[in-house]
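Okay, got some structures for you below.
Note that chain A is present in both complexes that follow, paired respectively with chain B and with chain C.
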Partner chain A sequence: MASRTARPSSEVVPWYRNVKLIAVFAQIIFVVIVLIVLAILVFNVSRGVKTLGVRTGFGFLADRAGFPLSESLIPYDQNASYARAMLVGVLNTLKVALLGVVLATLLGIMVALMRLSNNWILKQIATVYIETVRNIPLVIQIFFWFSVLLVPSLPSGVNALRFGPIYFNNSSGLIFPWPFASSNFRHWTIWLILALVLAIGVYWWRRRTLLRLERPGNPFWPAAAAFLLVAAVGYFIALAQSRFPENLLVSLDADRGRVNSVLDVNANGTVDNQDTPYATVPVIVTFESASFEVNPQRRTEQRKEINSAFAFPSLRKSEFEEARVEFVNPDLNDRLSVHYTGFPTTGIVYEDRNENERFDAGEDLDESTGEGFEGNDYKLVLFIEGFKRRVLTERDGETRVPRFDSYENASFERLGPSPLAWSFPNFPTDKTLVTGGATLSVSYLALLLALTFYTASFIAEIVRGAILSVPKGQTEASKALGLSNNQTFNLVVFPQAFRIIIPPLISQFLNLTKNSSLGIFCSYQEFFAVSSIVNNQSGASMPIFFILIGGYLIISLTFSFLLNLYNARTQLVER
Partner chain B sequence: MLQPALPPPVRETGTLAWMRRNLFSNLWNALISVVALVVIAWGVLSLLNWMVFAANWDRVWANLRLMSIFRYPIELVWRPMASVMIVIFLFGMSAGLSKDGTGRIVRSAYNWMMGFVGFITLVALFAFPSVRFLWIAVVVLGVAGFWLARAVPVLAKALPWLWIASWFVSLFFLLGVGGNGNNPTGLEFVPPNLWGGIILTFFFSVTGIVLCFPLGIALALGRQSKLPAIKYFCIFYIEIIRGAPLITWLFTASLLLPLFLGGIRPEAIIRAQVAIVLFAAAYMAENVRGGLQALPKGQREAAHALGLTPWDSMRLIILPQALRSVIPAIVGLFIGLFKDTSLITIVGLFDLFAVALKVATQPESKLIAGGIVRELFIFMAIFYWFFCFRMSVASRQLEQELGLGTR
Partner chain C sequence: MRKLISLIAVLAIIVSGTALAQATIEQIESRDSVICGVNATGLPGFATVDESGNYAGFDVDFCRAVAAAVLGDASKVTYRGLSAGERFTALQTGEVDVLIRNTTWTSNRDTALGLNFAPTTFYDGQGFLVRGNSGIETLDDLDGTTICVQSGTTTELNLADVMNANGLEYEAIINEQSDPLLAAYDDGACDAYTTDKSGLVAQRTQLRDPSEHVIMDATISKEPLGPSVRHGDDQFFDIVKWVVFATFAAEEYGITSENVDDVMISTQDSNIKRLLGVEPEKVEEFGLSADAFYQVIKQVGNYAEIYNRNLGPDTPFDVPRGLNSSYVDGGLLYSPPVR
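Let's look at the complex of A and B:
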């Protein structure tokens, strides 16, 4: 045994035992199998295309979409193409994902700190929150925010909850004033770019200085100040440069309740088909006196039945000098009274039987019939004196003003041009329609809240784990150096925890983005929802599959590429 | 020089000291505690008040069968129940055979499960006479499994095979074979489009995790392979699948699978299951890869040095250790799958969530002011929360237990 000599190296290994050859063969066999499977699939698909009438190719993308999308970041109407509809979907996905990521991170950090706090009750709240939210499927949480909470509990139409110029109802969502870029915005862009470049410069310079001097401080604030200063100065210069076009034609059609702004292309001084719409012209509309008429109706608000409720088009108190509501039938003015839920446009008609000059439960029903004061017999009229409203024309060169049933001396005044024009929301009719301002729909809010709360529960655990993983000696050492609790956390513990947080945080961000595809469960029109509508209409399931998967892959990969760049940077600082 | 005597320490124990330390350590904390306590008390009281007095549970109660088994024929309800019995029986055996360490975790999960089953049995005893005896049988089998395993410890060897067999037997019971209404002999075939509700939720997630397991291991090994063709194929598959959300894969499977199969149109349930398995496999692969990478290189080298073939070293040395260390991650994946099954409504299947939506739109439900969405939500939330929370507790315990073992 011991005398057995090593095999002479010249002996040739048979080819079937040659590891390198086996590897090559194995791969060839694998590739061949994969190719055969692929070939079968392709064959089946090509046969299915003929027999099942499935469309292939991307030509369908140019076809007319023909369906409406209620929210869009870019101009879109039913005549737009499928491609544009899907782009709207992608932008809606990004809109919910980007804000969701920010909010979920903030909430997650907050919950993690609560869980680490030395207040027992805060700790318990955070624990219960985390253990509840992450153990219930996201779909069911979306169902909760949308169908259980927001839609049934918010009032509808002009009965919206109001916080100054901000409205919140269950048909439109959260509606708030918003500055829109006008055609004069271009005068300001150069200043914005300048401000941004300057801010980055200030950031770098300040950071280097701080590092050189070895002094604490945040380079962000000087940079932000520089940005704001240049942007503000630039805005006033841009304002001075702003002009409306010479042939801008603004007109008020008080009978239809509309303001038009067009470019008078053929210079005939009247609005006609050839004129092109011109957006974001601020106009003040004035009515010396005017009136609306409505019937009281029965309504369900916040899960309660309300009888004899009325709603005029919404007016703000600052918009008129005087207002009063009366019954059209003069006899009723003595018998019935009006209780305002929002003066002067919404309220309830009641009969003050106990004569306490207040609306009490049950008084909104007629004693003899047991029904509400509803319909034409109880018609109400709202008289307004000195009505004045500032409106902004929209993309179609048109905006609505209240359509009064009768009015005297309607006039309007065009305001000066500016790079940004503020638009205020209004309800020009007593229906759900809303014009002006910006809107976050109920679907969007429900999805955003669900994604934020769900993802935050995972982020909180990541942050907590990372903070706990920083050795205790670090805290003790900084305490020994005389740092305060806040300084210890901000300067010593969190920066070290931060590096551990980033990689799992990236995967949570990607999860949130992918989970936004569940928006279809609260009728939020994001990428997946729009794609599935397009699929139903066009039948081009094969190309849509590629677009859908490719689209999500691109979003995911871009996200993770950018975040990994950032991650690489934070990791480098360490060593 | 004598130092003056220090004052006696303030009492550091007892309720008051605890409250001072944890609730009222300073002004801020005291303020937060009081506000939080008031808000919580108000919130919990109004929720309880609503649940007990205002909520209308009649429709939920009346639709319990629909939400549990959907349209599975009521006279055949013993068949899904038989699957439950098999699983509980095996669960009991596992608990009976379990020893210290991880076994404690299995036993405590078993106790919870029996508590839950006992609760349902009690409810069934008084309210649902049609399934009363079936649930009693479940409890009896659960206990019997435990004691049988205690008495015959040799069964431990058969247990893994019994678990695998139980899946097939359950499927057999649920689906039935041959026969139909006119031919009562044998097990009547129940088409999967009649399945739904809770039973579908469970079946889907369990089948998903069982079937994705071998595929996930293969993909993980493939990703570690030195052969570029196999390696890049696996990477491609895993990353593509993980890059897009599950809902798009469900959509794809439901629309394109018939096309890929040349016009053969499998049942919706099979299409959705295929999507879930292929989807879960990618995540399973990443979990298993984590276990493979965590394994010290010496293990592989030692196996090699002992002269084990690559296949044997994989089977006997590497995989057992790698898989053992990723059990918590696999439980986590299962929780994810269990929650994700609520998405299959998108391909027209009726899991618990979809049935609940259906119940919410029944004309009788709409007659109730404000509808019954709140009641349905609470019901579903409690159902999912109970199982997911219990599993995540088990997963955390396993993590600790296994962590101690490897160190």
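Let's look at the complex of A and C:
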């Protein structure tokens, strides 16, 4: 009997035992199976599609969308195509994902450091935060931020919270001043490019110098300083070159409360349909005097209640010279008085029973008991003298100004052109639509906060694990060399931990991006939400499904490609 | 996520290519139940669920009518609550047999979405709900407002068109579900909430203080609401169509659930005899048993009974019949002859 191990080398291995051949065969069989499955799928899909009468093909993308979307980074209205609506969705996804990863990383690092610190309270806060947030499903957190916290607790409409020129309410969200690029921006672009090139140059030069001198330091700051300097000088030169077009036509329609700016294409001197909108023209609107009426009583269909608190549209102190609130019926001025809680637009109507010319408790109408002054059918009017407001026309060449109930001598003045035109929130006079400035909607904030807090709880643990994985000896050695605590962390521990952090961090970034598809639960119109609207209106479920898969794949792959490039650069080069 | 799941379900069904091989009527008979898609969160008056899981409402009664005709028992209905965004996918995939969920008949849904609409059971129109003290009374007053609107509906399309046509500026707050929108409106995040007027009447009752809100007079669209089935099954489509017609006809001939047995014996009118299956041929042509429409009237009632039970003067909604009256009373409800 021949030994099993000592096979003569001349013996030919049968083909079915040849490892190389088997490998090739296995691959071929696998490919064949995949092809067969694919063929069955394609056959069935086309048959199923025929029976159902469901739309296939991507032709529908060019059709008119017909529906509104509440926020968009590019011009969009219901006359745009389905494709454009989906693009709005993609951009909204990126808008929440990009800021989300930055905030989540910062918060994550902060929480990790808190958890590692020797301060007992900080440590406990961090632990509780991580353990709770990480274990509550994200949908619930989104619901919490949107439907439990932000929408019910923020003031609504014209009662917005106000911090200087910044407003915050539950209809529009956070509204703040913002510089928009005007058509004169092009004069500045060359300077910006120059500044960028210079900054990159400074960065490299500074980095090399620091390396050569073997000195710690960050090359970023000198680079940033160089950028800002060139950009600032460039801005003033661009400002001097800025011009408005010859045929720019600006007009004020005080009755409708609008300012229009158009290019008078047919040169007839009036605004008409043929003229093209021209955006970002700064205008100061003036009303010599004007007035609003409000009815502070809560009128309801069946019953009427009297409520003594009143609120006029918000005005900024700097916008008017004088203002006063009076009763429309002059007889009431003797009996009732007005106490301002926010001059001149909010306050309380009261009856000065003890005649001290001051509002005291109990002199207003007590809503719960109905006590106080009774049965007065009153209306208030706000008189304003010398009202002035600076506005900026928007993308459609239009912007709103207060629409007063009555006014005298309304006029406007066009301000000079500039590369960047500042737009201030033009807070509405009665209803809730805000024009001007930039807005972060409540939906966006809710989704951003939920994604940030949720993802940060995972990132914190990644960072903590990485820091703990740096051998203790490294710290001890640094201490022995006389480095301070800060130096030890910044120069020795964190750079080593960083390499370990990056790969799992990338997958957290991707998670956050994909989780943004839950925006549908807080009325945020991201890619998935828009796709499902399009699906519903067009009935093209098959193509939309593939667009969704493809879209998220492209977003994720791009993200991970870029981050992996960075990862490759930060890893140790081993020899 | 239900949205995604139903989207995947379409794919699965299309891919497997099965489910649709069988006629709807056979599927209903073999499972002994009609699966009916109704409003998910509950639209008072049209479809609501109580604590013990019983459904009631105007739309629900038409589900029951279909079951009475096909299975002879109005209680053999399995209800599926569907949001505006889920409903069409659910019907296309065969998750429901028939969709009776305040759904507007439009050309696009009839063609591109692959639906077949039975006769309209409720002629409606889109309106706006606003706060009584807001000073908003006409369409023009909606300039510069924020408006809450549900996506995946005709509502959002009408809103965009009408505001644009009137040169009114507005901002839409959009959600696929109506509950968060209604809550947002209640919290003052929108100046107005818009949907079908029937929906406004119903949803106003769910607000914190319904009396503070008014429905504006303006009607901006035509919303004929009715049952729909999917393309590709003519027999079932015919049945659903004629179940609705039977309720119209019964009102026209004065047949009610109370008197149907007497009428059946006493009647000399051959129109009524054919409808109730005293002369069986015409009903049997549907592939149903001769008493199918008799069962509809006996167990569910004629159109007037269904209407009054759910929306009539004795309910909190008290919606005037208006266009939803029989043609003999100047309305639009008109049944072709059973013959």
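In this text, the second predicted complex is superposed on the first by the 483 of 575 C-alpha atoms of A that agree within 3 Å, B and C clash if a C-alpha of one lies under 4 Å from a C-alpha of the other, contacts with A are read in each partner's own complex, and residues count from 1 in each chain.
In this text, a contact is a pair of C-beta atoms (placed from the backbone, for glycine too) under 8 Å apart; a residue touches a chain by one contact, two chains touch by 3 or more.
Quantities reported herein were computed from a predicted structural model and do not represent experimental measurements.
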Check whether A:I520 is in contact with chain B, with chain C, with both or with neither, and answer first, second, both or neither. both
Under the stated touch criterion, which partner chain does A:L138 make contact with: chain B (first), chain C (second), both, or neither? first
Going by the contact rule set out at the top, does A:F343 touch chain B (first), chain C (second), both, or neither? neither
Once the shared chain is lined up, is A:S556 touching chain B (first), chain C (second), both, or neither of them? first
First (chain B), second (chain C), both or neither: which does A:S70 touch? second
Contact-wise, after the overlay, does A:W120 reach chain B, chain C, both or neither (first, second, both, neither)? first
Could you say whether A:V34 touches chain B, chain C, both of them, or neither, answering first, second, both or neither? first
Quick one: classify A:W15 as touching chain B (first), chain C (second), both or neither. neither
Could you say whether A:F220 touches chain B, chain C, both of them, or neither, answering first, second, both or neither? neither
Note: overlapping chain A surface for chain B and chain C spans 41, 44-45, 47-49, 51-52, 54, 139, 147, 152, 303, 520, 528, 532, 535, 541-542, 545
Taking the complex as given, what residues does chain B use to touch chain A? 21-23, 25, 29, 32-33, 36-37, 40, 226-230, 233, 240, 243-245, 247-248, 251-252, 255-256, 258-263, 335, 339-340, 342-343, 346, 353, 357, 360, 369-371, 373-374, 377, 380-381, 384-385, 388-389, 392
Within the complex, which stretch of chain C touches chain A? 1, 3-4, 7, 10-11, 13-17, 20, 84-85, 88-89, 92, 108-109, 112-114, 132-136, 143-146, 149, 151-152, 156-157, 159-161, 164, 169-176, 180-181, 183-184, 187-191, 209, 211-214, 230-232
Could you list, by residue number, the parts of chain A that touch chain B in their complex? 23, 26-27, 30-31, 34, 41, 43-45, 47-49, 51-52, 54, 118-122, 125, 131-132, 134-140, 143-144, 147-148, 152, 303, 305, 514-515, 517-518, 520, 528, 532, 535, 541-542, 545, 548-549, 552-553, 556-557
Taking the touch rule as given, give the residues of chain A at its contact with chain C in the complex, in rising order. 41, 44-45, 47-49, 51-55, 60, 66-70, 77-79, 139, 146-147, 151-152, 155-157, 170-172, 295, 297-303, 400, 403, 428, 430-433, 442-443, 520-523, 525, 528-529, 532-533, 535-542, 544-545
